[in-house]
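Each of the next two complexes has chain A plus one more chain, namely chain B in the first and chain C in the second.
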Partner chain A sequence: MNARARLLLAIADDELIVGWRDSEWTGIAPTLEEDVAFSSIAQNEIGHARALYQLAAAELGNDADALAFDRAPDEYRCAPFVELHLLDWAHTIARRYLYEEADRVRLDALRRSDDAELAGLAAKIDREEAYHRMHAEMWAARLRDEPRFRAAVDELWPYALGMLEPELRPELARRVGLSVESTQAIERGEHTPELAELWSTMTEVRRSAPGAAW
Partner chain B sequence: MVTESQVWAAIDEIPDPEIPVISLVDLGVIRDVTVDGERVHVELTPTFLGCPALEAMTRAIEQSIAGLGGDPEVAVIQDDSWSTDRITTAGRAKLRAAGLAPPAPRAAGATTLVQLQSNAFRCPYCGSTDTKLENIFGPTPCRSLRWCETCRQPFEQFKTI
Partner chain C sequence: MDARTEEFLAYVQEGGQVEATDWLPEEYRRKLIKFIEMHGNSELMGVLPEREWILKAPTLQRKLALTAKVQDEVGHAQLIYRVAEDLGKPREAMLADLVSGKAKFHNVFHYPTHTWGDVGVIAWLVDAAAIISQKALLKCSYAPYARIMKKICWEESFHILHGRDVILAMMTGTDAQRLLVQEALDRWWGPLMQFHGNPIPRDEDPMYVWRIKSQGNEEARQQFLDGYVPQIWELGLTVPDPNLRRGDEGVWAYSEPDWDELKSVVTGHGPRSQERLAFRARFLEQEQWVRDALLAA
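The block that comes next holds the complex of A and B.
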């Protein structure tokens, strides 16, 4: 697999899995408005994953669904950050906030890329992400002085760093007011046990009828 | 032999699958139509990438062109060439008439929360600008939810992107 396909899959897998985690709040968010927000954000993130998988599929000669659902868990290239099954609101908002900030840094870099196809898609994705950032910033501002939220941000910081290539990390640290040197990043490559569990649920229907046309 | 203007006119009859008051041409998602003999090539740009209507749009365009006797080829272009500024004036009027506030013009940068929370948004029912943001997100990726203090009812606002 070439470097371009590896990059596309890493980003697509991040978007698919974080979208899947966001969708877990559908129906159980603390308010109806957050139910709507998390469902919509999840739909967008999975839409971004689909577009990125389509570029990767053109590179690899298969299709987006096969890339999203037919690989084994250890073949996914997502960062451990997006895999975590977070059970409380403070951690969930902390991840949304850190994810959107990291994604912004990554999209800025991609928009400047020589790869016109990827740069164009990154610009389109970024327009939609602007609304996710507003949502995350609104919550981060509301919870800024809450000890539980601060602790959740600190706890997730090494994971968030691991989402980005090392050269992009200082920019993320500057944006969120934390330090790269203060911790050891939890890097992409190894997976958490939560991914296999998520994968099992996510692909269950598709695996029940291999090769079916849906 | 099919002409480009026939194809444009036919696509202008296709309603948006999720907001059927507006046609695909009004929505601005048709980037180009070229006819080469029997073959009709259409470039379609998605609104939001997660929009599930994309496949329905593609199929409807294909059927419409086949109905004209052409051989359709629809290419989905995933770049940032679509923005809500591409919605036509006629399309904006149709949205408003259907109770869906049309998008604000796109500023130089991305929309900010301060802008969304400002009173620059007009209620499509009574015209009041005394409206407030209820939720950045709504029933589809392209809509936000607002509340009109004057006529005291919620309405949907097309997001600016």
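The block that comes next holds the complex of A and C.
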């Protein structure tokens, strides 16, 4: 697999898995308004994943669904950050906030890429992510003084750093007012046990009838 | 009944509609709140069985479509609760009554889902049964409720198309997929036949008397059978009722639905009633601090 396909899969997997995690709030979010918002965000993230998988699939000679569902868990390239099972609002908002800020840094870099196709897609994705950032920043501001939210941000910070290449990390730290130096990033490459569990649920129907059309 | 109430009743029975700012008889207001609250509860509880399958959807397209559908249902709950809130019952109180088991929700949302076949049958046939009830609310005597039903019915009609598409993909797939659909239909037929309620004459149904509903239970069930049984047969599926047939006058005959089961299920004794209420209660309680933080802001 070439570097471009590896890069596309890393971002697509991040978007798919974070979108999957956002969907876990469907039906049980703290307010009905947030329930609707999280469904929107999940749809956007999964839509972005699909667009990225389509680019990768053109390189790899398969299709977006095969990439999203038919790989083994250890073939996924997502960061441990998106895998974590965090079904409480403080951690969920902390991850949404840090994820969107990190994603912005990553998309900014991709928009400047020499790869015109990827740069174009990054610009398109960023137009939707702008709304996710507004949503996340609004929540981060509302919960700023809640100790459990601040603790969740601190706890997730090493994971958020690990989502980005080292050269992009100082920009993320600047944006969120945290430090790179004193933190050991939790890097992409190793997976958490939560991914295998998620994968098993996510692919359950598809694995029940390999090759079937749904 | 006092003269003012009699006049009100005659007005709504002639097809008149009232607004939130109009004078409403207390009994009418109470019946409206009870009916609308149960509708909102049903939209919200209906999310839980489908929610599990968003996480298991077998393609990206299906995942997106199902997420959008369920998002619509939560949006409907929000719209419907707002109408009940205007009538005087706060949302927090409605949610508290829901999880404590004091308020009801529709029978079909008390049952488990076993396979992707259930996902198709719910989106197609449960939503079809629901849209028949909801279309009859377009003429509701309470105008604010009738107005939101336009948007809701429009969205529900997309859900039926989505459900039919899920079913069609499986029916044109493998034998194992076709079996999943048939098994799901077998599971859901009983609850679907109970869905519109017992065949009480409409003039004895208080919800009809006040013109909250504009049709009787049996009319709704006949409409469902007439619209969907031919489609079910056309797909090669078997309806698990040997007595089901369309009579010469166009009236469908069917085996007596299990009304005891309906009564038991809607009073919280369905196979998933308590588990789903407990799941909702758990998150309502766990995230109370968030709503408190919003109120304090």
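Keep in mind that, in the parts below, the second predicted complex is superposed on the first by the 214 of 214 C-alpha atoms of A that agree within 3 Å, B and C clash if a C-alpha of one lies under 4 Å from a C-alpha of the other, contacts with A are read in each partner's own complex, and residues count from 1 in each chain.
In this section, a residue touches a chain if its C-beta (ideal position, glycine included) is under 8 Å from a C-beta of that chain, and two chains touch if they have at least 3 such contacts.
Quick caveat, the model's predicted, so the values are computed rather than measured.
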Simultaneous placement of chain C and chain B on chain A, clash or fit: fit
First (chain B), second (chain C), both or neither touched by A:Ala66: neither
Touching partner for A:Ala51 - first (chain B), second (chain C), both, neither: first
Touched partner set for A:Gln43, first chain B, second chain C, both or neither: both
Angular separation of chain B and chain C about chain A, which is computed from CA centres of the superposed model and rounded to the nearest 10 °: 60
Touched partner set for A:Met138, first chain B, second chain C, both or neither: first
Which superposed partner A:Ala151 touches (first chain B, second chain C, both, neither): neither
Chain B versus chain C as contact partner of A:Glu33, first or second or both or neither: both
Contacts of A:Glu128 with chain B and chain C, given as first, second, both or neither: first
Winner by number of chain A residues touched, once chain B and chain C are compared: C
Partner chain in contact with A:Arg206 - chain B first, chain C second, else both or neither: second
Chain B and chain C, minimum CA distance [Å, superposed model]: 5
Shared chain A surface residues [contacts with chain B and with chain C]: 33, 36, 39-40, 43, 46-47, 50
Touch list for chain A against partner chain C, complex: 20, 23-24, 26-33, 35-36, 39-40, 42-43, 46-47, 49-50, 53, 64-65, 68-69, 88-89, 142-143, 146, 148, 201-202, 204-206, 209, 212-214
Touching residues (chain side chain A, partner chain B) in the complex: 33, 36-37, 39-41, 43-48, 50-51, 54-55, 117, 120-121, 123-128, 130-131, 134-135, 137-138
Complex contacts: residues of chain C adjacent to chain A: 44, 47-48, 51, 53-60, 62-64, 67-68, 70-71, 74-75, 77-78, 81, 91, 115-116, 166, 169-170, 172-174, 176-177, 279-280, 283, 286-287, 289-291, 293-294, 297
In the complex, chain B residues that touch chain A: 48-51, 78-83, 110-113, 116, 134-139, 141, 145, 159, 161
